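Have a look at this one before I ask anything.
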Amino acid sequence: MFEQILNAAINGILLGGVLALLAFGLNLIFGVVKIIHMAYGQFVMLGLYLIYVLTMQVHLPLVLSALIAVFAMAILGLLTQLLVIGPLLEAPRLNQLLALAGLIIVFENLAMVIWGADYRGIPLYLPILKIGNFFIRGSCLFAFLGALITLGLLYLFLNKTYIGLAIRATAQDTEIVKLMGVNSRSVYFITLAAGGALTGIVAAFFTPIYTVHPHFGSSFTIMAFIIVVLGGMGNLLGGFISAFIIGVVTSVSAVLTTTEIADIIALLIFILVMLVRPQGLLGTRGI
Amino acid sequence: MLEIEGISAAYGEFRVLHEISLGVRSGETAIAVGPNGAGKTTLLKVISGLLRPSLGKIYFDGQRIDDQETHEIVKLGISLVPEGGRLFPYLTVLDNLKIGAFSKKAREEFRKALDEIFGLFPILKDRKKQLAGSLSGGERQMLAIARSLMSRPKLVMLDEPSSGLAPKIMARVFEFVRRIKSQGYSILMVEQNARKALELADHAYLLESGRLQFHGGAEDFVKNPYIKKAYLGI
Amino acid sequence: MRSPLNIKRGPILLTVILGCLILFPVFSPSPYLIHIITLIFIWSYVSTAWSYMGRFGLVSLGHGAFLGTGAYITALLFNFFNLSPWIGMLIGASGAVFLAAVLGYACFRSGIIGDYFALVTLAVGELVALSIIAMREITGGSLGFTLRSLGNSPLYFQFGSKVYFYYISLLFLLFALYLWKRIDKSKMQKALKAIGEDEVAASSVGINIIRHKMAIFIISAFLTGIGGVLYAQYITYLNPHTLSGVTVSLAIPFKAILGGMFNIWGPAIGTAMIVSLEEYIRVSYGTKFVGVSEVVYGIALITLIIFLPKGLYGTVLEIFHKRQRSAETIT
């Protein structure tokens, strides 16, 4: 039993890497545009479908499909900014939230119309590694490493480039950044595109792990919320750490109980954190 | 260099500026004084494009700018040091200076501008790697001024640079302003502390409840009995 | 501020509308229309109850929690213990009130407002849905369960004809609207308005913030819990996704916002608009491809939110007031 729990914890850490990547995008968008992207998980769902179609039906190589999906999700991010978020920037909070929630309805049912309710996946068999008494799925390890590399690249992008600097500055003071000669509207577009591209990358790493269906996204949106809030909204480092906490907690409690109870536990943690320490473990701050 | 013709502005239905006209000549330091709520900050916001005027025109170097966006206006050579500095607290001192030089032209001259700034304000060089949020009040104001110079402006606008600072530090801030004035920048400064500000001024304007009440050279200003009584306390 | 229903015409117009609604089933040959209007009544009632608090800046994105709690408790008591839903609904709604009291106290005591309150309630709605699913031995999990049918049995809130539900839900809606008026005339309205505008200022003039917020939250949750029972009794089928969880929790504020949550008629008008739109789209596209109607519906919702930020009725009122004001300045 103990070994089983430890094994679940290891898998939780591996999953945490990808969750960290997912939460990073949500956090970035919240930090810069100050908007909670309700339909973020649905982007991942669409990315998974796109990779599926390009690989299984258009017969492109998997890597090329994944690259196209990343690009397509970035475009979808731009469109979201252009058509939904942009027109609502000055609107009441509730209207922003509900409009983005409207996107959930659109995306999920679009998937339903095009692909139906069946579960779809690309049959990929990565080996299961046996280390000592532990079993580690190759696909999870691959996703974990890929997510860490992506996060490293993102860190460099934010800290070493002028655009990254503009993004961080916008997150800290939306008005003053204009006085620096930054076109904040372009920064919003870049942020949404980056956030979109991230969902494409997450989808690529999810492809060997999960099968996709129209309602695939919602649980990941909620998971990403939980992580972002636990780490402190807008706090990228906090999000990174709490992704691993949530990854381990859900995967261990799923082994001990059922997946639903694991989700309930994650939600309870979320609610408790909100009530007791709404600024999150490491506090809210600019990026 | 900067000409403002009959500007009015409002927040929603609340009018803050009533047909203000003023100008800043090249190389000159102009000061706008007046009590709290006179519309001084609003005036600077309108010039920098953060707030659209409801009436009137603004020209900079002969070019109309009142319909331009803030980031375009910055590129033309107007920079604003906002009240309280408004630094990016989680960026280092160096990154704050870097973002100040965001526009393409300024970016090309970044190295040169940075050397000049470090010459003018040597402390910033020592504090380069520190987060801006950890600086002291005076240092923050210094960095805010330095940051605005990084965009290679022709006109530097300062919004209440001395507000909220202890008298000793206040004196240092005016000293910074004197330093940049001696570098040949044109300056438009808005200040509640009229006496100190007038020491630096070539030309001064008095704003009261959104209207321009008086303007003239610094000496005419000091001689005016009303201003003497109400703002200089003599 | 005068509304388009001005003082003289208002009561007459209202009486006419009410009269038409009461007489409608008598003359209408179409059970389908009666069904749709019954749905409009039920959801109008719920979104009105939501707006009780929404209009004071207490935006809940988790009213599905109260809907589900009320409906499930009542239905389970009926199915397992044969307790009449008329009595059960009080217990069910008390369950919703208990949940609201715990949640509200925890939130308001720690000063959770705005986005944070919205997110916490969203999570609670989802939590209730997941709990219902997890208790699948008695609730049927995500497949839901059907109410035991007794045929025509008014004592057990079951009727041979849908027309009964039409009148019952109309009564409930009228009650919710009446309660809105009562709240508007009470001291509580002033206090909540002050709190909604500025909490610090409100507490500095001696308004007890927690108590007032708790009160309106509990009232709203109680009515919503009963709304869940109403819907479940009418449909005779309970499903965690239609009674709780994110989808329905967001659908309620959608209706209120699109009508205009600051006016008493707004939520009902919004509901009428949304339910009709849903039905229209479902009838025109739904039969061809599964999902197309929802896609169109989603796009319509987003478009409406962007172009009618104050809701349909709110926007109409605003235009009306502007006209009136400019007419006044001219004369």
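Should a chain be cited, it is by its letter among A, B and C, assigned in written order, with residues numbered from 1 in that chain.
As a working rule, a residue touches a chain if its C-beta (ideal position, glycine included) is under 8 Å from a C-beta of that chain, and two chains touch if they have at least 3 such contacts.
Everything quoted here is computed from the prediction, not taken from an experiment.
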Chain nearest the global centroid, as defined over all protein CA atoms shown: A
Greatest separation from subunit C - chain, by CA centre: B
Centroid spacing, where centroids are CA-atom means, of subunit A and subunit B in whole angstrom: 42
Subunit A-subunit C separation of Cα centroids, rounded to whole Å: 32
Geometric centre distance via CA averages, subunit C-subunit B, whole Å: 52
In the complex with subunit A, residue positions of subunit C that touch it: 54, 59, 61, 106-107, 110, 112, 114-116, 118-120, 123-124, 126-127, 130-131, 133-134, 246, 250, 253-254, 257, 289-292, 294-295, 297-299, 301-302, 305-306, 309
Subunit A residues within the subunit B interface of the complex: 162, 165-166, 168-169, 172-173, 175-184, 285-287
Subunit C-touching residues of subunit A, taken from the complex the two chains share: 36, 84, 87-88, 91-95, 97-99, 101-106, 108-113, 116, 214, 218, 222, 225, 229, 258, 260-261, 263-264, 267-268, 270-271, 274-276, 278
Partner subunit A, residues of subunit B touching it in the complex: 48-50, 69-71, 74-75, 79-80, 82, 86, 88-91, 95, 98-100, 102-103, 106-107, 147-148, 151
